[in-house]
Amino acid sequence: MLDWLDAFLISGLFGVVQIIGLGLLVHLQMGLTRVANFGVAGFWGLGLYVFGILYGKVDWPFGDPWQFLVCAIAATAASALAGLFVAWLISDLDVDGALVGTLGFATVIFLLATAWSDLTGGAAGLGGLGFPYDAGPAKTNEFIWFVLTTAIVAGILAYVLWVHRSPYGRLLIAVGTNEPLARSLGKSSTRAKLTLFTITSGMMGLLGVMQAVMFRFIIPANVTINITLAALAGLILGGITRAWGAVVGVLFTVALFDIVIQFYVPLPQEWYTQAIPVAREAIFGLALVLVLLFRPKGMLGEMKRPQLMRRIHDFK
Amino acid sequence: MKDTGRGVGVVGDDTPQETAPTPTSDAPGTASAPTADPAGRQRPAWAIPLLAAAVVAIGAFVSEFIAESLVIGATENAPLVLAALGFALLYRLNGLLNVAFTETVTLGGYFAIWITSTTGWGFAAAVIPAGILSGLLSVATYLLVFRPAKKRNVDGLELIVISFGLALFLRHALQFVFGFRARFFETPPPNTIDVLGVGVPSFRLLAVASVAVLSFAIYQFIRRTSYGLQIRALASNEGLAESSGVRPLNVTLLIWFVAGFAGGLAGAFFGVASAVTPLLGTRQLLLILLVVLVGGIWDLLGVVWVGAATGIALTAMTLWLGSDLWAQLILIVLFLGLLKTRGGRLTAGSKV
Amino acid sequence: MPETAAETPTPTTAEAVLTISNLCSGYGSVQVLHDLSFEVRNEIFTILGANGAGKTTLLRTLAHLLPVTSGSIGFRGTDVTHAAAHETARLGVGYVPQEAAVFPDLTILENLQVGAMIGDRAFDECLEEVFQTFPDLRSKTHLRAGNLSGGESRMVACGRALMQDPKVLLLDEPTAGLSPLYVEQFFETIESIHRTRNVAVLLTEQNATKALGIADRVMVLSLGEGSTPVDAAEMTKERLKEAYKL
């Protein structure tokens, strides 16, 4: 049934979907509300590790799927709480402070994952994870998991589209465009940011859970700034203020490299071990610089405010 | 007895400074109140470390642990101070939080290796040329990326993202020039010099000396020369500086060069202590940021003192806990706590 | 006293210090100034206009902090249309903006030192002149300029520009926000600067009556378009109203 798919292609597609999901969430934080978050890897990684530890290290009195569900909910909640905490930490800081706060949080998660080896397996990694079901061959299981993850990311996209149409989204845009004004109109911009970070960070944690199950093995090297920057590169290329920005942008960054070049461009075999992954990061970096210099609103262009406002009225 | 001053190294370099107008008795008081006092902004930056140095130097004789923390901390982390100093120059005098600065650090290491391996010079001889190359690289990044960005009115958040992108690009592009693997200096093992009973490799003392000389020189340059006045004027009010006759490009290029130079030196010293890898500078990013933001409560020298104190604290905790990871973790949490308690004032006060 | 001073138009006034022809300027795609042409001689030239008339835009353009869209600016016979701000400053254009007119992080003395970096005259001599013009500054040289009151920082700003030893002084609403007592004094100071130092002054004002008292010639700016400059004495209320398009 799945002959056209090989295991590598599934994991490539899975990676694309993951980055799209993260990019969509970063869009809400940085594109609409304009709160810097350079610690995406931390929120995602917290979900990854909390799930891994709970699922792999704790003796649960019940088996899957309950074991998975309980651990996944706990991991999502942990990331959501971390989001709330970090949002509080940076709530009265400027963009420089927000950078340090979010980056600091991600570094703390990375250091904990490395240093607390009793719990996390340290640099050697943490295993013992698996799919909460068994549908036959490994490839089928992975494919089902990929479909489930895609469904979650589609849900995130739906949420983002809903936010764009909702009064809540309008508040976020107001906070992002002119926070003092939003405040003077009696809106609590701090509460809006705390809510936003709690929800979006929780979703990042859930994506981390999906990652942990897919690869069944976690190492601290998964949780570096590279994942943050991959999401950011895709989002900014697509258009940071646009709901579909992350989807479009990630197709032209991560998907282009991890699927098209990996599978369909005939390049010398020895390039794949180092040259291509390194070139991938270099090009992501270059893309960030060039897009922000020459087309700062990305491929999709400026957020269409009048249209957005009209839609808000129609919605009412 | 006489060794104490030398052993403290970084702390000892204030003696030639004209401290006469600023001796102060209210050091601890001003330390807890970072509100910029109009005339005496730099006062706590001088007084607190002096006081701390005295306390700690006495401690060094009492306890081996303190002696080790001090000597190893100050010498091993001298490159961190250099890097923070360079970063702070851009941050405070050019108003730019430049994440890509860490790549001038990384490339400083690579440049030094390239120079030693192609010319056969010793490490000490390669340090300054490596710094110059990094300085030029820094100037190039300004001209090619940050100046165009400024002309296009790219602001806060986007500018930081650009600098992240540039860092990502440089960090990976350099591997196509210098190779994917870690590189090591092929210089003979350095001689070790005894400081307070702790053996210190000679290159580390060179690093400490560089910190002392460079921070002193930069401070004097910025505070006392006409060029320094132009730099501060430009940082304080750009349009007004221009319409007062300050040539912005000259002044800005100078800042970027000096910052890159400091970064390049830091990279060479980091590299010779272990290895030169693409992640050499990036690994220091968060510590540099924290030192610059917290040290920025005072003037540029505040960054030097906070950097030195951070290095010593890091070593002390590493020795105590037996793990540098936990030491870093505790330090980051402490700094983040400080960031929160100081609130917006901390970052606002650190500009200029 | 000001009467007699105004009586004696110096013979040099005929030569233009600043020549503005068909000047257009603005911010990005928004054009603010439309086809302005006038010249400033060795005189006090006052530009009157309401809020948003383009006064600040005009002075920022003349200080070369905003690019010229079209038209030209001449300074003492040379074309400086596309010169950089620091170049015109070195030629002798002193600019005192209405807002952010000092270096807040520098001391008063350092503010004045920045001004003195260009100009050929000895620093101490210039400094003494500035202190004579603004005696209040003498005792405060080590205060941070960012902590000064509105009037004091206006003095520092003017002092800084004077340290440049300029040939023309661009003053953007120099008395805006000052208490009435200060306003009177400040206009007198401006007048004495013009008389004693032989500096042309181009100043913008909202307050017509006060500014007319010291001006040699007046132009009214309205929505980015300028009236024909006339002698201040000829500027009657009726003409003023007409120029304001009231």
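Think of it as A, B and C in the order they're written, each chain with its own count starting at 1.
Operating definition for what follows: a contact is a pair of C-beta atoms (placed from the backbone, for glycine too) under 8 Å apart; a residue touches a chain by one contact, two chains touch by 3 or more.
Keep in mind that this is a model prediction, so the values were computed, not measured.
Enquirer: What is the chain whose Cα centroid lies farthest from the Cα centroid of subunit C?
Expert: Looking at centroid distances, A is the chain farthest away.
Enquirer: Tell me, please, which two chains come out on top when C-beta pairs in contact are counted per chain pair.
Expert: A-B
Enquirer: Among all chains, which one's averaged Cα position is nearest the averaged Cα position of every protein chain shown?
Expert: The most central chain, going by mean C-alpha position, is B.
Enquirer: Taking each chain's centre as its mean C-alpha position, how far apart are subunit A and subunit B in Å?
Expert: 33
Enquirer: Taking the mean of the C-alpha atoms as each chain's centre, how many Å separate subunit A from subunit C?
Expert: Subunit A and subunit C have C-alpha centres separated by 55 Å.
Enquirer: CA centre of subunit B versus CA centre of subunit C: separation in Å?
Expert: 43
Enquirer: If I count partner chains per residue in subunit A, which residues reach a count of at least 2?
Expert: If we look for residues of subunit A contacting two or more partner chains, we find none.
Enquirer: Spell out the residues on subunit B that touch subunit A in their complex, using ranges where they run on.
Expert: Those residues of subunit B that touch subunit A are 97, 145, 148-149, 152, 154, 156-158, 160-162, 164-173, 175-176, 180, 282, 285-286, 289-290, 293, 323, 325-326, 328-329, 332-333, 335-336, 339-340, 343-344, 346-348.
Enquirer: So in the complex, which bits of subunit B are touching subunit C?
Expert: 38-39, 226, 229-230, 232-233, 235-237, 239-248, 352
Enquirer: Can you name the residues of subunit A that touch subunit B in the complex?
Expert: Where subunit A meets subunit B, its residues are 30, 34, 36, 38, 89, 92-97, 99-101, 103-105, 107-108, 111-112, 114-115, 225, 229, 232-233, 236, 274-275, 278-279, 281-289, 292-293, 296.
Enquirer: In the complex of these two chains, what residues of subunit C are touching subunit B?
Expert: Counting only subunit C, the residues touching subunit B are 63-65, 84-86, 88-90, 93, 95, 97, 100-107, 110, 113-115, 117-118, 142-144, 146-147, 160-161, 164.
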